[in-house]
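Labels for the chains are A, B, C, D, E and F, by order of writing; each one numbers its residues from 1.
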Amino acid sequence: MLSVIVRSALTKYRGLRLPSQSVVRAMSSSGGPTSPYTTLAISHPVESITHVELHRPEKLNAMNKAFWSEMVDCFNEIAGDADCRVVVVSGAGKIFTAGIDLMDMASDVLQPQGDDTARISWNLRQKIVKYQETFSVIEKCPKPVVVAVHGACIGGGVDLITACDIRLCTQDTWFQVKEVDIGLAADVGTLQRLPKVIGSRSLVNELALTARKMYADEAKSSGLVSRVFPDKEAMISGALEMAGEIAGRSPVAVQGTKINLIYARDHSVAEGLDYMATWNMSMLQTQDVMKSAQAAMEKKSPKTVAFSKL
Amino acid sequence: MLSVIVRSALTKYRGLRLPSQSVVRAMSSSGGPTSPYTTLAISHPVESITHVELHRPEKLNAMNKAFWSEMVDCFNEIAGDADCRVVVVSGAGKIFTAGIDLMDMASDVLQPQGDDTARISWNLRQKIVKYQETFSVIEKCPKPVVVAVHGACIGGGVDLITACDIRLCTQDTWFQVKEVDIGLAADVGTLQRLPKVIGSRSLVNELALTARKMYADEAKSSGLVSRVFPDKEAMISGALEMAGEIAGRSPVAVQGTKINLIYARDHSVAEGLDYMATWNMSMLQTQDVMKSAQAAMEKKSPKTVAFSKL
Amino acid sequence: MLSVIVRSALTKYRGLRLPSQSVVRAMSSSGGPTSPYTTLAISHPVESITHVELHRPEKLNAMNKAFWSEMVDCFNEIAGDADCRVVVVSGAGKIFTAGIDLMDMASDVLQPQGDDTARISWNLRQKIVKYQETFSVIEKCPKPVVVAVHGACIGGGVDLITACDIRLCTQDTWFQVKEVDIGLAADVGTLQRLPKVIGSRSLVNELALTARKMYADEAKSSGLVSRVFPDKEAMISGALEMAGEIAGRSPVAVQGTKINLIYARDHSVAEGLDYMATWNMSMLQTQDVMKSAQAAMEKKSPKTVAFSKL
Amino acid sequence: MLSVIVRSALTKYRGLRLPSQSVVRAMSSSGGPTSPYTTLAISHPVESITHVELHRPEKLNAMNKAFWSEMVDCFNEIAGDADCRVVVVSGAGKIFTAGIDLMDMASDVLQPQGDDTARISWNLRQKIVKYQETFSVIEKCPKPVVVAVHGACIGGGVDLITACDIRLCTQDTWFQVKEVDIGLAADVGTLQRLPKVIGSRSLVNELALTARKMYADEAKSSGLVSRVFPDKEAMISGALEMAGEIAGRSPVAVQGTKINLIYARDHSVAEGLDYMATWNMSMLQTQDVMKSAQAAMEKKSPKTVAFSKL
Amino acid sequence: MLSVIVRSALTKYRGLRLPSQSVVRAMSSSGGPTSPYTTLAISHPVESITHVELHRPEKLNAMNKAFWSEMVDCFNEIAGDADCRVVVVSGAGKIFTAGIDLMDMASDVLQPQGDDTARISWNLRQKIVKYQETFSVIEKCPKPVVVAVHGACIGGGVDLITACDIRLCTQDTWFQVKEVDIGLAADVGTLQRLPKVIGSRSLVNELALTARKMYADEAKSSGLVSRVFPDKEAMISGALEMAGEIAGRSPVAVQGTKINLIYARDHSVAEGLDYMATWNMSMLQTQDVMKSAQAAMEKKSPKTVAFSKL
Amino acid sequence: MLSVIVRSALTKYRGLRLPSQSVVRAMSSSGGPTSPYTTLAISHPVESITHVELHRPEKLNAMNKAFWSEMVDCFNEIAGDADCRVVVVSGAGKIFTAGIDLMDMASDVLQPQGDDTARISWNLRQKIVKYQETFSVIEKCPKPVVVAVHGACIGGGVDLITACDIRLCTQDTWFQVKEVDIGLAADVGTLQRLPKVIGSRSLVNELALTARKMYADEAKSSGLVSRVFPDKEAMISGALEMAGEIAGRSPVAVQGTKINLIYARDHSVAEGLDYMATWNMSMLQTQDVMKSAQAAMEKKSPKTVAFSKL
């Protein structure tokens, strides 16, 4: 349903610049979802990099029931895949995502089960907690996740991208915290993460309370994204290049950095430092430090070093 | 006293652009404070929107004794007023506010009572806690508060606006964390909220430690305000329009959003998500979701929906 | 070693604009480290202002063993020096700092002692905790610290400046969170403080995970620094002027402000307010309030007031 | 209703030993509630001691609507009454309290208002928060509160006494966390405070999950009460004597102790110590230290010292 | 291995009083583990009560690899089983459990994999986190868990029982925090939960640092267990009776109580109250309140009420 | 002064049973303070055990200026002494300690310096923070500290022992939270640690608010001490035996246990578990696990194993 709404919105949105289809094809392994997934296409454009593509382009990548559980399986698998060092997330088709597929989810969200209000509430809470996990797995996965957004990123899409580590977008992208338009407070991450992701609280509140669109320029100046690209093709190239930079460095260093950055967000500086010291008392014993230092002395890039898998 | 200081500062401040008087009049219900208040003018420019105007224009809206308690009464009343869905705060006269009216407050702050240092301290602490409540009520009020600042926002004014949800200003506005100039560390909210409201800690520290003025452009680029308007008239229109957007949406969604955004600021992401799930297990059972979804399917704005009062 | 690497990098870095040597000389008391320090030059360019200069210019101010302990002694002394009200930190020579001097530190970091992994870890943890203190002392020192960065600020340099209160830089400065290049997660402060210092989490993650350089303009727009100066001479003047503004105000107000701003960063707003009230119940009893108010009434700057030492 | 249930329970409870009526009369100022209260009798058996008596003996002091708001008014007044240094709370009649008066409260709790589930929830939450305040005021009141329990302490009674500072009971007392018997999780304090008041978590869980009665001996050995008296008369004497000990000491010391003990419960040791230092930096400047030290040197009790009011 | 050690210890432990075999048989459904488990026997002695029996009696219920994952599956299933309202945990055979089965776990714990220290550490951390989950599932399961301990509860056994809600034991039981004897700090829960389960920190430290045995009497007086029974038969009866009391009450009340008790342990009182209010705003709308109140008015036990499943 | 008061109190205290002088002599290396200390006698009764004796017996071990700084030096040295694995603390002479030596401390505490109230407060706060450190070093020292108390433990003595890990006392000991008698709230640890050390909050409040004495039996039943001995001689033997048990076990296990127990006290269970896993990912790689396991298989005590120093 929401996808229907968005589609009609897109019709009105004249500025939409479609990315060249070749890029989309290039990035998805087989032009469609990858077994065992029906909504995600997984590929490995380069060694050590996993590309996760939201892939229901005909539905504007609206998040249906399958999506909410496939994301968990997908990122749990990535978390345990020693061959993967970085993840790139993008969306197939016209836009990144239209957000929750209300049509498909309606029975879950709009017709909750239970003998009385308490029992309906109990069941709803379990569902919400489960849906929250869909994006929290991105954060729990120790490999950095670069998300590349194009076209539009609506509702659940904002929940998704705020759980990623690095956000990129194309010049034609708009973002929308859509939930108040549907009569609910966003409950799968946007309200918790967006204020810790961008620096202007006034803007966060405005976006969440009015559901207005934010375009690429404001997304850049507010810090939601750290880079804007002219089109999807350039962005995907940029995302892969950035992912390559990360993948080329010591996974002990990179993944320890992600874990401690997230820990620091949720703790005082003193607590973050204590945890960091306890973390690094073992991690500094990695051979990667010696290997990296050696490369540096020889004026080689760390990317020339062969690091063991983690 | 502080208002005296500021007034002389304003004399020197050549760039001050006075808003057209018609706007000020239009916004205040009766051209002055509204019973039972002596420093606040309350009006209802549009259904569901409450406009609170700081209204001691001849004193540059300096915050006298009455103000500190009237704000608490006013926002407690608003919190309980089911007819109000959004609040707009602005200042009458030349500037938003000159901050604390030291002349009127001197006996409280400068001549504290008590038989010995401990007892004076005890009494001072009770006063500070009481004054802090003056602005914390804004945050505790579940209805979003849009503050529209013009001219100047000094000292206590910054404490006030950082407790609001959305900040707007005119091009001619300057902001000043004035307290160090009076020999004290700001103690009613600025030091606690400003760093969580704007994204540059270096700037926060500079403002608080040097008491320098910050003008509209820097306020915008730093994220203190999310929009700058050419003049007060345009700003008030803009504030009302924005308030209208918010007031037109489900109050269950809007007020739940405010409450959870504030909760998220003060907690880890994991704790924020847990609270959110517990909140929404009942709130998702609102009819507003169905009504909003129905409107969306019919391509109507959520503002066309008649939501029950909250 | 790292200094070697950086030096070669600088050779390639064509845009480096050297500050006039006269400024550097003017700022360091005797053209070199000040007894009892071998890596720091301490001077008092103006009453109440202490200037701490990283002073191993021939090594690009790389942080050797001596540096890590001298910083602690230096800031502990400053904390207890009633004649000092503000600190300015800068670097002698071509750049601010090349970061950790891996050559000198290698035995500590790369050849940790211990009979088994647990004991090596135990010893490493003690070292990390000790090194963290090198920058935490800046934060624990109640006097505001303004840091003026030029040329380059690499690795440990970012850990250092994020612990300062106000950050300034020259137009030719670049910043680099270097640690992942050496195979380790930054463990002396950057990962804990950088996300609380600038407003874009996407940018923080990008910098920490890719080790890319960030130049002055992005440092300014992201809020890492609050001012950019054309060259080092102008920056040092600007830093001293800003320090003078702070030093001229009540030390009770200024140092109470710093302490409470740091407390607020690590606590909820409610807890910060409670602490603030408890702090000010005594601090408001200072004569500085009366003196400052008196000056204000007489339209004098607070800088004309003679405040007692703190 | 609950009082009905309890009364029938009491009929079966053979061991109930009625306190001599003279004591009850002696303690309540006029043999009944004190204006402006209808459920509380306030008296001042000794200077500096306020006695608050739950006084609906014919209803077993069941907590009706009036009670929930009168407690707030009562303790707010006590908090501001410089003549009061300690509070003793007890119950008139056969038992301390039968807990919530469901009959009187039914419209509030059992027939909540609202147009849909979300709005009913919203209203219920406001009520719960208000009822929680009824007991939290005891904790927010800086004067120590000694509660003397006899006969039975049921449901809301446990919520009440866990918010007090010192708990005493008679040998014939039983305690009951009654809420699960009525189909609800205790929501006005027991679940939050009981585990922090007694040392056995297994016992806490057993009491809260089975609603079984706990008798005086187990209340003593588990630490719920710190003293058990043979009968109500002895207990009231004991409570007054203990209150006298407290009232005779410096109110700066005593009230600072209560505030910091409660702060410590809710914070880490490091945070508690920091708050304590900030608290005492002013409070140590009281004349009470000198007066108390002087008395000690002269081998006099601190109770002989005349301390200023606080 | 540890089981070997313990067995020899038991040989020396003369006081061991074997429970009658009939009880053990009665409680385990089929005299052995229940499909799909190899270490757990699951039965339903009474409607709504699930009995989980550690069932490797020939190995003294030592915790082998299968056990660590079967517990997670088992309690996840129980959490989702609407027919279960309470869980009883006990051990088959001579003792409750000898703790970790080091022989079976050796490859995991003693021979960790990885190319260097950092990678070994990384893998070990994942294992520890996984093992911690084995007992945390007990806490995350909203149904109360009563654990009935007999004979001996060693090492991992203490980790297990401190995650349960109510602890019972026989007179012949001893408890031992065994880990320091094996050269490691307990890392799956004892150090985190034991201090919050019993009231004497001195005792907790003594037990954890010396690995001395604690017998039933001290377990009772310190609050580790809330009841001691003469033998296993009596204890199982008692456990079932207590479980029956809990199972007979409203599951909305009971499970909400467990969830909020655990929340309260880990939060300040103010935060616990806030969460509680948000929880109960929906849960109070259960029909169970009406049904329970009705029963109470009719002087019936809540156990006579038919509550809907949760 | 306080020592004077206490001495006269002791004169009245008839029950005082003096320990045999031979024990005291045996325990202190040279019958008096050990260079460089004037208030502490340090000895090494057994390898790996350090005995710290409060040693101003003629002043009842009252805590004078020297004591407050010597404790810090002493425990910092112990923390870094690889030959020490456990610490025993006791008092020389008639009683454990009379608490703060007000006579000697008067200039610090009673005559604080500063030009105005704020500056006096500032200086007082620094002193309090310094004095708090005197006992916090005990907690920061990773070696377990067993404290053996005899006779009396007053005021500062309670602050001291609550920072120790295990508390023992003789039958003739009384404890007194003395501070309210001197007109101040205890500010060096008692209010923060006592409630987390014993399980009855009612008792904690009673002790802190009335300054009444608590005798050995209540200290045992409340959990303040975990063992009571008939006299000092037996207690010292018991303390050494217990210390020997701890010293004989793996220092990696023992010190990791202490550190994590303290961490757990100040954090939620989830956070404690996370820290524990991060701690043990390296510490489990110690050879001590293998050595301990080997000993266990051979039925030898862990005390027979030769562990490397830590």
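Simple rule for what comes next: contacts are C-beta pairs under 8 Å (C-beta built on N, C-alpha and C of every residue); 3 or more make two chains touch, one makes a residue touch a chain.
Since we're looking at a predicted model, the values are computed, not measured.
Trainee: Just to be sure I understand: going only through chains that touch, what's the smallest number of steps from chain C to chain F?
Mentor: So the least number of steps between the two chains is 1.
Trainee: Among the remaining chains, which ones contact both chain B and chain F?
Mentor: Shared contacts of chain B and chain F: A, C, D, E.
Trainee: With touch defined as above, tell me whether chain D and chain F contact each other through largely the same residue numbers, more than half shared, or through different ones.
Mentor: Different residues, largely: of all residue numbers at this interface, under half are found in both copies.
Trainee: Working from the CA atoms, figure out how many degrees chain D turns to land on chain E, in steps of 5.
Mentor: 120
Trainee: I'd like to verify one number: the distance from the centre of chain A to the centre of chain B, where each centre is the average of its C-alpha atoms, in whole angstrom.
Mentor: That gives a centre separation of 34 Å.
Trainee: So what's the Cα centroid distance for chain C and chain E, whole Å?
Mentor: 51
Trainee: Two or more other chains touching the same residue: where does that happen in chain D?
Mentor: In chain D, 117, 120-122, 196, 198-200, 221-223, 252, 265, 278-279, 281-286, 288 touch at least two other chains.
Trainee: Mind pulling up the chain D residues that touch chain E in the complex?
Mentor: Residues 1-2, 4-5, 8, 102, 109-110, 112, 117, 120-122, 124-125, 128-129, 132, 136, 139, 179-187, 189, 191-193, 195-196, 198-206, 208-212, 221-223, 265-267 of chain D touch chain E in their complex.
Trainee: Help me check something: in the complex, which residues belonging to chain F touch chain A?
Mentor: By the definition above, chain F touches chain A via 275, 278-279, 281-282, 285.
Trainee: What residues of chain D sit close enough to touch chain B in their complex?
Mentor: Against chain B, the touching part of chain D is residues 115-119, 121-122, 252, 282-288, 308-310.
Trainee: Using the touch rule from the top, collect the residues of chain C that touch chain B in their complex.
Mentor: 144, 165-167, 196-200, 221-226, 242, 245-246, 249-250, 252-254, 256-258, 260-261, 264-265, 268-270, 272-273, 276-286, 288-293, 296-297, 299, 302
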